[in-house]
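The two complexes that follow have chain A in common; it is paired with chain B in the first and with chain C in the second.
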Partner chain A sequence: MSATSLLASGTDVGAEIVFWVCATLCVIGALGMLLSRKPVHSALFVALTMINLAILYVALQAPFLGMVQIIVYTGAVMMLFVFVMMIVGVDASDSLIETIRGQRWAAIILVLAFAGLLIGAIVNGLSGVPEPSLEAANSQYGGNLQGIAKIIFTDYIVAFEVTSALLIIAALGAMLLAHRERHTPKPTQEQRSIARFARYAATGELPGNLPPAGTYARHNAIDTPALAPDGSVVPESVPGPLQERGNVRPVDVAAEVEVDEISEGHTVVTVDDDEAGEQR
Partner chain B sequence: MNEQAPVTAGSPITSNEQTLLWFGLDPVWLIILKVIGIFVILVVVVLFTIWFERRVVARMQQRIGPNRTGPFGLLQSLMDGMKLAFKEEIFPTAADKAVFILAPILSVVPAYLAWAVIPFGPEVSIFGHTTPLQLTDFPVAVLYILAIASIGIYGVVLSGWASGSTYPLLGGLRSSAQMISYEIAMGLSFVAVFLFAGTMSTSSIVNGQTDLWFGLLVLPSFLIYATAMVGETNRAPFDLPEAESELVGGFHTEYSTMKFALFFLAEYINMVTVSAVAVTLFLGGWRAPWPISIWSGANEGWYPMIWFFLKVFIFIFIFIWLRGTLPRFRYDQFMRFGWKVLIPISVLWILIIAIIRGVSQEQGLTPTPLSITAGIILTVAVLWILGANVKKRRAKNLAENVIPEKFKPNRGGFPVPPLPGQEYRPARRTVVADVGATTGDGGSKTISSEEVHGG
Partner chain C sequence: MSTTHYLVLSAILFSLGVLGVLVRRNALIVFMCVEMMLNASNLAFVAFAQQNGNLYGQTIAFFVMVVAAAEVVVGLAIIVTIYRTRRSASVDEPSLLKY
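Our next item is the complex of A and B:
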């Protein structure tokens, strides 16, 4: 027996275990999707359901469908959902306010009706339907993959091509909707760099990064403003929130004296802490 | 080459998938043994790879690298891992705790899972039981690897989202966009291999490379895969998700301790995984390379594991070499390269391969020489066009920006360096010379002016 048939033989205890584990996880995923408040959690539960569905497909002798289920639905479609939710906002959670009057009751009635329909169909189907098996279909063309390829590219070729055309149309449509004509050519990295230095020449605006707090200063703490190479204080180097709160540490007088001494041409002066304290 | 046999109705497996008959026969203890074996091999390989990378990059940068812990510093990564395990756990206030913990697990588990279908060697005897050196295989094993890789992306995206912080979010978005785009090129590069092997099972693909490696047979696919796998693993020069200079650490900025270690582990396992897939699909898997393959025993027993890991480590060395050599791409350039170069060439190549296969089947020819010739022609043509483009852009740049003969240090009102061809006029600089040291009267200094050369 090959690996495929081992995975799938209907009477196997393994298949039974796989079914009960994956089916339970599927239902948990579905319920979790409905009950979680944050959209990202819902998306994760859907992904859980989809992965378990894929395992069930593999166990039911459709390994190709199982893998495609994961690649396409879990890997691409759900990923797009997660993407959108991440961009929309981290804390966005559903509001529970009813926007249409009577919506909740209508929904409950419809859900009960649909559940009744489903349960009826399943109960009806449980008796008299043969054990599901793809054995015959798979062996017809020498394997699951070969069988699917044969069917897609002969009997269902039109449906297959139309579907792919539809997807391309959708992608093109999305691109068209999101497209915006530029009135001016996009500035290149080089042009932006030149403009930055021109601004520096005109207004003195720093072309590079700000020095990190504490550069050349006596302490390297985040609340200590950096000193420029000429000894002047760079107040912007302390992060904005600290400036707002007034948590900027005053510049060390000793450092300023030292800078003055050096820039006047003297040799390096050592300033005692006591002396610095007096000057302060 | 392994010609595709006509499909006979009723046969359980086509002739290309003979090796699938090896699988599904192991007793439970052997399966557990194989699982533990793969786990141990991966952990050891990762620890070794981290050390190897640090040493090799160090050599490339004129340093020595870690050499204190154990012989040649070999135990360095083990000690780093232990340190991480004992550090304090930190949860950011804004983090979504459940997802924050789930993300590294989602990252590392798929990394291990992919190794279930990687063939290490042919059939060997373990405690009297004949079994292939591979956990399992099934008809869609390569698709399984792709599927598992796409689950692994969730770990990266969710860690970015769950951290509740800006840099991780940006890094997570970037890396998922990158991995999804490069996964397309990766998947397309597999198609040519499937067409020639006539199967998607990894052991059968290795079996189909008995005479000729697919890397030569479908050269453009191999090169596209080799490029896409660097993008897929977020390694330099495609390491934009973790760009230190822009995003601190990318998606794992807020992670510490064991959770960070798991990301690190997953990243390195992924690097080994994509190398192993490249070896399996394009470089003959565990089959011995040419001069060794003359010896008939090279492809039997446990020896093939040596060839397999040798090939994998050649790829890992190339990964490290790239990191030591190339600067990081800009994000838009990187995306343009993936979507506008790799994917169209892949599609074109698949078209060519399909035509070659179809024509040779109609005419009863062997497709091998045709495919090799077409592959080399396409590769050379693409490289030539890309090179010509770069030359054209350079010429255009030169024509647009005429460099003035004379160097002005304040051109445009701000200090500029000299451009190529311009002569640098040395500035006059004030130098303090300590005369006292020679005359012996201590302390007194003269200030003299002299021309300082150089820049």
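Our next item is the complex of A and C:
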């Protein structure tokens, strides 16, 4: 295609490029949703489809719907899906076992037939229609948003009001469904404190905080156990997994090495003898 | 671009959504496929609005979006409730009424 013909049909070529790129990405997103094992990957593919659909809406002279599509679908709906995945379990993969034998192939054949029917009907029914344009409708009230607002608040005002009721009912219904009734009363702070000291009386479990790693020790690394003021090691101050893996650093090794070095004449810490004696 | 292209894309997306509802077993993915079908129908509405030269199709697509948002909220709450009682998000699990 030469430069002049490109210029002559500039908008058409632009619309064609936008359509083919976005349509390809839409179908890729839909296929990815269908074929990926993990729900999170599916959600990301659906978000890809939705964003490309928003671009297509803009190309179809519906800029308001394009923005709403991005805000509502990719912003709210897909994030809600991802939140629920965090509750339900991110790595809950699909089982590939068919519960009804031959169902998968039957479904594929059925859907191919259905798609063929739809596409055939569309191509047949829409052959020879005039070239579409929304310019007049969009500019009638000053813009696309104003035009939609005029329709919503005049012709569809009842539907719009019913929509508000629907949204409130949906919010209430979600709260009702996700609500969990407590079977036992929630313990108060007082009751929990009493229980803590009862445990202290029975088992000797400390009622306060555990000392953090490194308290009174020479290092504050997480694998260094705290020292009690009398110099004994507090093993509970090191996190449980580190203890199970045997990664607890012995506290006294560094101290012993330093004492040896000082006694051999290598002065590591330059402090007065009196102060050093006090610190030891 | 002619309306036919957009409608064929809409039909393809709708069919892929139907296929997902039929073959996938994870309730969340099935639900996403339902959303895909709603979006495909929205695309058809917007394409027809452009073809007809008025904004009614876009208005209906707007209402479809509102209803879809409400539907997602309730549907996900149902999925969470089922997950709490059955510890699974598979659509094969809740089959108690069958026996």
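The criterion applied here is as follows: the second predicted complex is superposed on the first by the 177 of 280 C-alpha atoms of A that agree within 3 Å, B and C clash if a C-alpha of one lies under 4 Å from a C-alpha of the other, contacts with A are read in each partner's own complex, and residues count from 1 in each chain.
Just so it is clear, contacts are C-beta pairs under 8 Å (C-beta built on N, C-alpha and C of every residue); 3 or more make two chains touch, one makes a residue touch a chain.
Quick caveat: nothing in here was measured; it's all calculated off a predicted structure.
J.: Could you tell me if A:A76 is touching chain B, chain C, both of them or neither one (first, second, both, neither)?
T.: A:A76 contacts both chain B and chain C.
J.: Looking only at chain A, is it chain B or chain C that touches more of its residues?
T.: The larger set of chain A residues in touch belongs to C.
J.: Applying the document's definition of touch, where does A:T224 land relative to chain B and chain C: first, second, both, or neither?
T.: Neither partner.
J.: Looking at the overlay, does A:V68 come into contact with chain B only (first), chain C only (second), both, or neither?
T.: After superposition on chain A, A:V68 lies in contact with both partners, chain B and chain C.
J.: Contact-wise, after the overlay, does A:S237 reach chain B, chain C, both or neither (first, second, both, neither)?
T.: A:S237 contacts neither chain B nor chain C.
J.: Please indicate which partner A:A137 is in contact with in the superposed arrangement: first for chain B, second for chain C, both, or neither.
T.: After superposing on A, A:A137 lies in contact with chain C but is clear of chain B.
J.: May I ask you to decide whether A:Y200 touches chain B, chain C, both, or neither, giving the answer as first, second, both or neither?
T.: Touch partner of A:Y200: chain B, not chain C.
J.: So which positions on chain A get touched by both chain B and chain C?
T.: Residues 64, 68, 76, 87, 144 of chain A touch both chain B and chain C.
J.: Would you mind writing out the residues of chain C in touch with chain A in their complex?
T.: Its residues touching chain A are 1-9, 11-20, 22-26, 28-29, 31-33, 35-36, 39, 42-43, 46-47, 49-56, 58-59, 61-63, 65-74, 76-81, 83-84, 88-90, 92.
J.: Can you list the chain A residues touching chain B in their complex?
T.: My answer: residues 1-7, 38, 40-41, 44, 47, 51, 54, 63-64, 66-68, 70-71, 74-76, 79, 82-83, 86-87, 90, 139-146, 189, 194, 197-198, 200-202, 207, 265.
J.: Note which residues of chain B are touching chain A in the complex, please.
T.: 7-14, 17, 20-21, 23-25, 94, 96, 98-99, 102, 136-140, 143-144, 146-148, 150-151, 153-154, 157-158, 160-161, 164, 169, 172-173, 176, 180, 183, 200, 330, 412-414, 447
J.: In the complex of these two chains, what residues of chain A are touching chain C?
T.: 12, 15-16, 19, 23, 26-27, 30-31, 33-34, 39, 42-43, 46, 49-50, 53, 56-57, 59-62, 64-65, 68-69, 72-73, 76-77, 80-81, 84-85, 87-89, 92-95, 99, 103-104, 107-108, 110-112, 114-115, 118-119, 122-123, 126-127, 129, 131-134, 136-138, 144, 147-148, 151-152, 155-156, 159, 163, 166-167, 169-171, 173-174, 177-178, 180
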